[in-house]
Amino acid sequence: MNIDFTQEELDFQQEVRQFFAEHYPKDIQEKVKNNIHPTKDDFIRWQKILNDKGWLAENWPVEYGGTGWTPTQKYIVQQEKARAHVLGTIPFGVTMVAPVIYTYGNEEQKKRFLPDILESNVWWCQGYSEPGAGSDLAALKTSAVRDGDDYVINGTKTWTTLGHWAEWMFCLVRTDPDAPKKQQGISFILIDMSSPGITVSPILTLDEEREVNEVHFDNVRVPAVNLIGEENKGWTYAKLLLTHERTSIANVQNSKVRLESVKSLAKETPAHDGEGALWEDELFRTKVANVELDLTALEYTELRTLAAVASGGAPGPESSILKIKGTEVMQAIDELFVELAGYHAVPFTRAQYHDGFEGERIGDWFETNTGPHYFNNRKQSIFGGTNEIQKGIICKAVLGL
Amino acid sequence: MNIDFTQEELDFQQEVRQFFAEHYPKDIQEKVKNNIHPTKDDFIRWQKILNDKGWLAENWPVEYGGTGWTPTQKYIVQQEKARAHVLGTIPFGVTMVAPVIYTYGNEEQKKRFLPDILESNVWWCQGYSEPGAGSDLAALKTSAVRDGDDYVINGTKTWTTLGHWAEWMFCLVRTDPDAPKKQQGISFILIDMSSPGITVSPILTLDEEREVNEVHFDNVRVPAVNLIGEENKGWTYAKLLLTHERTSIANVQNSKVRLESVKSLAKETPAHDGEGALWEDELFRTKVANVELDLTALEYTELRTLAAVASGGAPGPESSILKIKGTEVMQAIDELFVELAGYHAVPFTRAQYHDGFEGERIGDWFETNTGPHYFNNRKQSIFGGTNEIQKGIICKAVLGL
Amino acid sequence: MDFSLSEEQQLLKDSIEKFVSSDYDFEARRDLVNSDLGYSEAHWNMFAELGWLGMGFSEEDGGYGGSASDIMVIMQAFGKGLVIEPFLANCILAGGAISELASASQKDSLLASIIGGEQQMALAYAEKQARYNIANCLSRAEKNGDGYVLNGAKIAVLNGGNADTILVLARTSGDQNDKAGLSLFAVPSNTEGLERARYTTVDGFTGADIKLSNVSLPASALVGEEGAAFEALERVMDRACIAVCAEALGNMETLLIKTVEYSKTRKQFGFTLSFFQALQHRMAEMFIECQQAQSMLLMAAMKFDASAEDASTAVSAAKARIGQAAKRVGQEAVQLHGGMGVTDELDVGHYFKRLTIIDALFGNSDYHLKRYTAAMG
Amino acid sequence: MDFSLSEEQQLLKDSIEKFVSSDYDFEARRDLVNSDLGYSEAHWNMFAELGWLGMGFSEEDGGYGGSASDIMVIMQAFGKGLVIEPFLANCILAGGAISELASASQKDSLLASIIGGEQQMALAYAEKQARYNIANCLSRAEKNGDGYVLNGAKIAVLNGGNADTILVLARTSGDQNDKAGLSLFAVPSNTEGLERARYTTVDGFTGADIKLSNVSLPASALVGEEGAAFEALERVMDRACIAVCAEALGNMETLLIKTVEYSKTRKQFGFTLSFFQALQHRMAEMFIECQQAQSMLLMAAMKFDASAEDASTAVSAAKARIGQAAKRVGQEAVQLHGGMGVTDELDVGHYFKRLTIIDALFGNSDYHLKRYTAAMG
């Protein structure tokens, strides 16, 4: 057991820090720092820079363009990204669909899709959940019926994050409605979002932002060559992806930076009784400390999981812990921010947190964003498999209940 | 809505206070104050005094010797009892079996049993739970088979509180093993504990005290005249009793006195860092405050329940709240006591808390009792229908789930 | 001791609940929130006609009620329907301050216009540096001949954007934290030098941040006596706490009902959610929170109405405990509704928002917990 | 960064776990607890022979390990079986103090006798008024010719009743709370003036409260330098925290396993408890607590071994968080075992007792939370 970085790791840390300092666009950094919603172009611009450096596909095998980083290196990169307020990489392409393509796709599919993902030429979205199939994902009904060289797709997908920006969707569809188990009749298919018959309609979340969508398919023809792997085996491929989603969702380094921000803001915020700083209030400090303890434990749980994966283990059902605790911590930090804002949690000033706002601001830079962020972020414990589902996974796969 | 006592109620409060001051034996009071286990004789002595005043059977109808008190009067008595550290009345006779006897028993049974209960001539115990039937009480197996004028009883009852002091038991037995629903084949019968074939064996709890017992029945003959009401209708009678048990279990006034004790002890106890009093530690004070808020809410929930009962409502399934919150509060106070004791929670000094201890005491009067009391009191959320069972009752009977 | 409502209160409760359930559906409310005014004038006039706007005031003040238990009845019923009309701002905050402070003649004109629904008012007390301490006031009113000149800034003025008259708390003497020297001024909102930044609040009400730059007022603008506003405002804050606690209870009761109903219809894995025991127990805990909140509210209202010595502590107890309950019940209702819970479309998230903001008003849970803890001695 | 155990540590872990699972059943342990000595001399000799008693000490001190991670491995394994032998008192507390403070010649004699299992020792540091602040010390050692005279009182001296030698912390100069001026004395337990009230502890160990009345000691009784004990004892406390955190983790892991197993066999309402989702989720939460506790422990042990600047803060973080986890896991295990959970007969309640006492040792959760919070700046 040893907690220290090696000299090589320290050098790597330096390199990463320097690269971000020199190449991460300042305008995007300012937005992230100030809670301004980034644009589609911001994401693409930064991902292209990262990819030029070869640092986009952290988890891909080296042969496909991955970094080959050790768990410790990935941890260092996460730290440095959070430290420099680096805009997050949109996961749908590089983190989610790509591993499915390079693991289960054929050579032609790899050639066709992976380079565009690396170069952020194509924006992907996820077609998993349906209005009638949330936690019970395998109950999905969107149908794909083979007709000549195409599949004809009908149905509705929901909670499609940034689907209105997407050019392609990876999608779970039912190809065998008569399969004895509902998991067995599902296929994994890639869909060009410009295909006729697709409608993308917004779902506003509690911050009144358009982030998620409903996507309707009305006799949409999709070439059968877009099917990944075998027909009716999609559930297997999808599960791989869900595990990847779970391990990345803990967001430890991001939460650490946010918690530091809570601390420094609390030093400048008056206490609730207007006397002294909120940071001197032992109740507030204790809440921060308890969140920090949970977060520290989570950080080491994540490191242990990554170490186990690196030494040959799979990211097992324990990764459900990362989802549960990671979202609990995020949401606890959201609450601390609301408390920091005091009466200035009350005004709703959506425009202030978008590009091009010119009016007079209400409140300090963060204050009026705390409510909407807190409300919207309740999704964290719901999306990606609710925390109840994650507990169920622990019960079944770890405790054998 | 009005929170004040009437002049009559204030007079009554005075009367009660004065009676306790004059008639409650000082030696018993000292024991209760100092956590010394009372003896069987202590209980009987005090109950006889209470009964002489006509104040033992608080909830009985006046015709049988009840007090006829209003909910407010009962509340006042509870307050004054707690205030004067009055030893609790043993519930098995006066609170539990008596309502069943006067509600469902025949005239002869009422004449035979009720006077001895009022005069505390007979110590009762409860024969409900069995090793295989805990939360699932209706799964009980102890059998009663009619044989001439007797029932012959075989089986085992468990968690029988103070069964080793008891002269009589009220008992649920299975008289029809073939009933279509398990609740239907159960009868309610009264058993003389001196009957041949009964063995009472101790179960030590985590404080290493003998409080509960297992009671074994080996071909025990019980006269059929001891059956209450009709054969196979015992479940109905038992449910009445369970409701009574639940409403009395909140123990609000007792918890209030204990919480006051925590506060005053905390003023004399050094803080964890040895500087100043523990009472000046905001973390500790806040824990006390949060318990007190819960307790205040509970007090008014209890008052609302009693008021609803008085104005014609039955103590409905809402009374499950009293059990759940009442035990949560008790157990939270237990934790505060352990914290007060600090390092002196460590020694186990059972003899110090029994009659006749002559040695040199370890720690202040309360300190070394805090651990055993805390451990043993975890039973509160288990016995009398676990808190999980209570939540189930709320789900089913209140929320319709 | 008596926990029952009076006959009048029961009637009031029934009529507001009927209004909420029959005439206040969520889509109509959404349109109101998105309208320029932010609420319905028709509703407001109806509230006035039915006497609801007078229920916050004693008969002496021209009203029809005025006790904390009256306010409780109204606000709990409003809370069930997430009523957006500015009852709190007019009748509890501004009206309450006038009732506590104003001279008989001021009451005659000002209160009558509130009770009659003719004038919109707001109380501007909060300042950024003050957090929840109303004595911490930097806004100043300087004597100027017969009148006053006001300077300062106020935040989160509920109904501040719509108000015809804004009651501004300002310091006529003393230092930043002094309890003495605070005075209240009735400022017509079109007075020169009064600048309003109007906004919708995150929970759908309207509000404003306000700047006062050399606002000239006549002597008659002073409400009541000079320098005597603090104790009066403290009582207003206590009543406002009871009011929003009642509203929160109404919110929570509705959330519990909606969550239980949803759980009985939404199917996952072949069963309705109500089949899953882990979820059942969480709904049982929501029920317990509601019941305990109801008890705290009754306790505080009764103590307030009895002018009990510890009435303010009781109010803090209720605000703290109900704030905790509100967070828990709100979060659980959203979580148990799954994805739908975080959509703007469903009403559940809006109840959750309101509960969140109620905790932020008039002192959050921790503020009141500290006030309670301090009173423990 | 490396989270894996060394080969030696893995072997040590395996051998202790084998001992615990094969040779340490609960009924045998009960007999030990009820015996006069309170533990097994045979076990103790075996621990010595297998070198386990030397694992808490560096090779320099004549031991075979000494790192925090070594201690972690041993104590976690002991915790799984609720091992009652006085490893903590001898090897971590008394031995740790000697290792930190003593001169080479004192180490030679004292440590060798611990490592060899030949002598029982105890560390008497706690005083009633001091709570968890070791600097708060009223016991005094006055110079008397070449030697010292000790007066004072110590509480909760673990292994104090069995110890042949008791290390007593006493003040040779300074005032009650001074960090300077504290010295450690090795006092044979049969020394005149040393009075022991021996007891079993609530969790089955043995301990004593001790009074020192004019206890005369030779100069050689002083361990190390005069007045320099505080920093050393602080390090001992940190290591002791890591030790009991590891033990607590072992306790919790066993409780989780026992609870899950019980839930699979105990039937209620026609189903095993493991069928009930509300209980399932609570077991999942127990699992999460165990995992998070494991992470905190690793973090603290690694930082301690790396002599990190914030090592003491990391220890407080672990002690605080694991104390919270211990309470939750212990209470839940008892609750989920129903009536059996509160019986003396079943082992589950005894694990719960040990977890409770671990929180009370060396600073409870709140004490360490405050220490942590203070370090946040």
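Just so it is clear, A, B, C and D label the chains in written order, and each chain counts residues from 1 on its own.
Keep this in mind: contacts are C-beta pairs under 8 Å (C-beta built on N, C-alpha and C of every residue); 3 or more make two chains touch, one makes a residue touch a chain.
The shown structure was predicted, so the numbers you read here are calculated from the model rather than taken from an experiment.
**Student:** Please work out which of B-C and B-D is bridged by more C-beta pairs in contact, and write that pair.
**Tutor:** Greater number of contacting C-beta pairs: B-D.
**Student:** Report the chain pair from A-C, B-D or B-C that duplicates the A-D interface, where duplication means over half of the contact pairs agree by residue number.
**Tutor:** B-C
**Student:** Starting from the mean Cα coordinates of subunit C and subunit D, work out the distance between those two points in Å.
**Tutor:** 54
**Student:** Subunit B to subunit C: how many Å between their CA centres?
**Tutor:** That pair's centroid distance is 43 Å.
**Student:** Quick check: how many Å separate the C-alpha centres of subunit B and subunit D?
**Tutor:** 38
**Student:** So which bits of subunit C are touching at least two other chains?
**Tutor:** If we look for residues of subunit C contacting two or more partner chains, we find 278-281, 369.
**Student:** Going by the touch rule set out above, which residues of subunit A reach two or more other chains?
**Tutor:** In subunit A, 282-283, 286, 388, 391 touch at least two other chains.
**Student:** Sort out for me which residues of subunit D touch subunit B in the complex.
**Tutor:** Of all residues in subunit D, those touching subunit B are 126, 128-133, 135-136, 155-156, 177, 197, 199-203, 207, 209, 267-269, 278-279, 327, 331, 334-335, 338-339, 341-345, 349, 352-353, 356-357, 360-361, 363-364, 366-367, 369-370.
**Student:** Per the contact definition, I'd like the list of subunit C residues that touch subunit D in the complex.
**Tutor:** Within the complex, subunit C contacts subunit D at residues 276-281.
**Student:** Looking at the complex, which residues from subunit B come into contact with subunit D?
**Tutor:** 129, 132, 134-136, 139, 158-159, 203-206, 208, 270-275, 281, 283-284, 335, 338-339, 341-349, 360, 362-363, 368, 371-372, 374-376, 378-379, 381-383, 386-388, 391
**Student:** Hey, which residues of subunit A end up touching subunit D in the complex?
**Tutor:** So the residues of subunit A in touch with subunit D come to 1-5, 72, 75, 263, 282, 285-286, 288-290, 292-294, 296-301, 303-304, 307, 311, 318, 321, 324-325, 388, 391-392, 394-395, 398-401.
**Student:** Under the definition above, what is the set of subunit C residues touching subunit B in their complex?
**Tutor:** 1-6, 69, 260, 263-264, 274, 280-281, 283-285, 287-288, 291-296, 298-299, 301-303, 305-306, 308, 317, 320-321, 369, 372-373, 376
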